[in-house]
């Protein structure tokens, strides 16, 4: 480990019995999962090495200056009641020049590598093989993760391959957050309304802990996440698994839980992004939920939709943690979490907004079933998949359209009945409007906005659909 | 007195030449003690040079102030006129306007607020606020990419 | 003298004792005492907040307080310690000592001085009222937009914070103007700038910094308030607003503010060290110059608080270099202090110990500061406990120890009694040990990945032991402060013969009786050299060292006519009234706006009431003579 | 010199019995003005940081009225001239003329404020409010605070004009007027900067704004 090069030989280390010694010792072992020492990637390595370099300079200065101070105190302390006056020295210009110049030289020695590293680490990753792009979007208080081009969406747990540069493109949905995985790279603030970029690479596998580092509100302390670095093959397997349909539910609890989920959780949490259109549309769906939340701020209590952008739960059962990297994902923890999320993560929006909590309709039976369902949300085994069911395969136009309706996220906001959610209910839409209206409304959502609804559908929604999918979707809508 | 400009200048404004704009003399007591500070004489030297170069320590008559007022009006008219010349100056437009504004600013501060006739310390005090303000906010603007903004193109 | 015929609105206070005499006082010493007492009470409040924070963090997954309360506590701890403790405590020493050290009878604007104090007091009370009126501010002491926006902080807490700090800003501005003028204009004859005590120099630099930095934060706070109250867009990303602008404005104020906090303490120890080393300050011009340079360079380093914001490599490099450069004058100061002790006869009493403690701890804080002057390492340290450790080493290890040094040093001058040495030393050692136990492990915590401002943390990240040690250290700190309170009570109730100059000190304040009479100097001293009082006591030194005639600065004769012919500014209620007006005027922007009929303007009616009160006070102030004819 | 009483220094600054030879009040005023530079500097910097950043109109080039503002600028500039004349006459003990010019300053100030009121109402009618966009927010708050300063100045000057105590507006109390004058000129120079930077230079803001909107959509999305 190259940090060792900078350390003095072992026998001289005991000289520095300072409060900082633990830091040095930790630099020698792999340390803790969120430590800035024992780093696992080139970016964090460089930063740690620079720190160690500055640290030893600081130690040297510390020893010299504090030594001089303490020596002076002991040597020149007044003994007895000696009232005589010492030599009345007023100053020494030579000394002033010396102790101005020496710090300048030391600081130049620090400034040169500093500036070099600033420029080295700025911008996109170095040109070393393929780069994996990952989009991260910070929310109060969780992380939305998207693998653009791969049609994979997840939350709070970021899988990356070992040995490949990863380029994070980061946005914030609400306030300033800071993306920080100490073992891999220093932090980068994410400012709303702007985009930030951070490149890093993992040289070894492992589960690296991350945490939001910029104070972002009530649950800031619990806005954590994990970065899981895997061998490239394992990473590819994971990507593939995220695109496979869910395995069939086995337990009765889980089957019952699915219904509870659809009724209570489905307006905010998506589980369908294993389908490519769903994954591509997830951002749009979350943006719509986000607008609904903001619009709610200006409405009276009774008129609120109480919707909010919520973490994607596709294949949730394969994750390691819940609640944004908070606690390990076990059935018991999950039950506890669903029963009272505030107990584990105070301030979270789910407890505040979700209808079952507001109206207290969730029975312990429901909770148990929900947990069972979520634990079973896993992809089918790789060999069990015949054909990716992304809505383009087989069936009539109406069946394909129905599938698109779910997978593209329409169902997140529109019900197929007559009840209004974030968007109007679509039952009998064909009786009310003609094809062109429907088509235009999908391609260009701003064209017609039904009174009483906010224009939250993104302008680019139509781009996520092929023209075949669009035709199928319209065919389906006309049957409602 | 070598060149005609300074000769005219003295003739117009100074007592010893019985100028047209009779300027009453003011108490020119120096701060006590003089030229203190870590830089010794350097600061006062520079300021003193500036003093001599521009005016001298006197206050002026109404006529003089009116002349200054007319000058300010002319500068303002110039500014607005330049503005109406549609892009007549191209890249020089902004620096030109800033220069004119600075000229007006300095003239008002120097003569209307009679900083030119007052103790240099007051100039130092005001300049410290003004210069720091300009300096730090120029840095803010450049850090925020507002000094030479990139052309407006979609990313 | 111009006699102004204007009806007296309120007759001025006449009694020199009792509550009304304090409300009407314009005596810089009394105002200094008010500042000191208030600041110390807030020190206890802020300390209790800190203790609760440390209690919560003593162990992992603790739920002593809810995150909501925790966020309020650390916000108010920071705000309190910066604005209600260190700044007013420095103001207390400025008030007490600057006029005495420059040989003046009061500050330049005694009533403005009273106004500063009352505005500060009311502002601080207003700020703390938020605890009882719907929750304290909870967005951190640097209140980063847009978390402070109405969408994400819907309660009144942040409005209390913004308006409270605005009021405190008014107070600080008034005080800073006052001290700039006092120091430049009211020095005793012969005291040129380079013959002023270092403390006065630092007071001057601090005041200039305050005068120029406070308007920036005022603007930022006004913008924040308007965003919250009038729905403007300054920091609203949805309308294109940039939260980074807040950070620029805040740190443009915030970094000079750091030096506003530390320079007074540096000034104090520059006075204490020579006295108890019994030799002059080493390199006086260098120390003064370094202070002035720090004050100037402090304007051009603010973005080092923003290294992880993503300002780009050019900005980060430039600010890294400017930040490293500012370490140089700081180093010069430290070396000169050490050189001052070198070869002296160090009398290690409490004041001296606190000063030496200041140097020792400030070195640590300075060195850790260099490590995050480098943006790549700062990327790992920013917003972690490493930063918390750093700024506590400079602000507690620095400013607070320095202020305690000043307290022990000037107590005999202010009260005529010495604080107990034994308790003082106990307090120092407890504080030093407790301080290092509390904040030392935080370096390690930060480097081990613990972010700051987290209400709780998970088990198993290696943070438990350090946090436990840190919390235990906090208890020691609390104990040491308790010792000071005991010392205070015992000293106050003790009987001691007042000594005018117990330390054989160097500066003018020791040339007058302890505690000083209302008029300070019976005769305004004539100053011949730096440390003039010292050379009047030791004329042989002057003769030896500078070849000047010892007789040139013969001891001032005792003035026989006492205060008889001295005109002192009369007491006045008007500053108090104007302060009330200011506070009500600003508080009017709380959630009490009414819509003007026929418009959609939200009108702050309460502000109008405040303005009326303020105008009343101002008019009375304007037409009240500074002192009664032949007063006192 | 040694018997410096505080009395002369706070209230009646004509006696410059100070180290620097500058009366306390005058120095206070200049420190305040230096401080106010940072105050307006912050607001102007905020305006400039948000130049061309508004997501919706109206934009400056659609709404700013340069001819009208040029007139109000001229009015304020001339009020400065009137102010300096007032002080000049007061210093020469010609109280009547001084009072006349003070009233002229106040009147010109009020005219300027009148222009501002008209401008604000026109803008609001045209859809620019403090809520509308960043331009509205920064423009109204910056010029509004400037207007507030003008208003305070007008009140101050009216107070001076109607103060009929003995020695008012003569050389004995000229420094009272000088304080008001310094303040007034400062308000004027702030407007000089605002007029050039926000009106004349900033007038072109808003051209090519469609590209910005497009960019914002992409960044926001």
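As written, the chain order gives the labels A, B, C and D, with residue 1 at the start of each chain.
Heads up, the rule we're going with is that contacts are C-beta pairs under 8 Å (C-beta built on N, C-alpha and C of every residue); 3 or more make two chains touch, one makes a residue touch a chain.
Fair warning: this is a prediction, and the values are worked out from it, not measured in the lab.
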**Q.** Chain whose mean Cα position lies farthest from chain A
**A.** B
Q: Give the chain pair that accounts for the most C-beta pairs in contact.
A: A-C
Q. If you average the Cα atoms of each chain, whose average lands nearest the overall Cα average?
A. C
Q: Could you give the separation in Å between the centres of chain B and chain C, each centre being the mean of its C-alpha atoms?
A: 36
(Q) Need the CA-centroid distance for the pair chain A / chain D, whole Å please. (A) 49
Q. For chain C and chain D, what's the span in angstrom between their mean Cα positions?
A. 32
**Q.** Chain centre separation in whole Å, for chain C relative to chain A (CA means)
**A.** 40
Q: Quick one: which residues in chain A touch 2 or more of the other chains?
A: 193-194
Q) Of all the residues in chain B, which ones touch at least 2 other chains? A) 121, 125, 128-129, 132, 136, 140, 144
Q. Among the residues of chain D, which are close enough to touch at least two other chains?
A. 19-20, 22, 27, 31, 34-36, 38, 41-42, 49, 219
Q. In their shared complex, at which residues does chain A touch chain C?
A. 19-20, 22-23, 26, 31-37, 44, 46-48, 50-51, 54-55, 58, 61-62, 65-66, 68-70, 72-73, 76-78, 82, 84-92, 95-96, 99-100, 103-104, 107, 110-111, 114-115, 117-119, 121-122, 140, 174-176, 178, 180, 182, 185-189, 191-194, 196, 209, 211-222, 224, 294, 297, 326, 346-347
Q) Any idea which chain D residues touch chain C in the complex? A) 1-7, 9-12, 18-20, 22, 24, 27-28, 31-32, 34-36, 38-39, 41-43, 46, 49-50, 53-55, 130-131, 133-134, 136-138, 141, 165-167, 172-173, 216
Q) Which residues of chain B touch chain D in the complex? A) 29-32, 59-62, 65-66, 68-69, 72-73, 76, 79-80, 83, 93-94, 97-98, 100-101, 104-105, 108-109, 111-113, 118-119, 121-122, 125-126, 128-130, 132-134, 136-137, 140-141, 144, 146, 149, 152-155
**Q.** Touching residues on chain C, where the partner in the complex is chain D
**A.** 1-6, 104-106, 108-111, 173, 176-178, 180-181, 184-187, 189, 191, 211-216, 218-220, 222-223, 226, 230-234, 239-242, 245, 249, 252, 523-524, 526, 565-569, 625-627
(Q) With touch defined as at the start, can you tell me which chain C residues reach chain A in the complex? (A) 66-68, 71, 138-140, 144, 146-147, 151-152, 154, 237-238, 240-244, 277-280, 282-286, 308-310, 312-313, 316-317, 320-321, 324-325, 327-328, 331-332, 334-336, 338-339, 341-348, 356, 359-360, 363-364, 367-368, 370-371, 373-384, 436, 440-441, 443-444, 447-458, 460-463, 466, 538, 541, 544-545
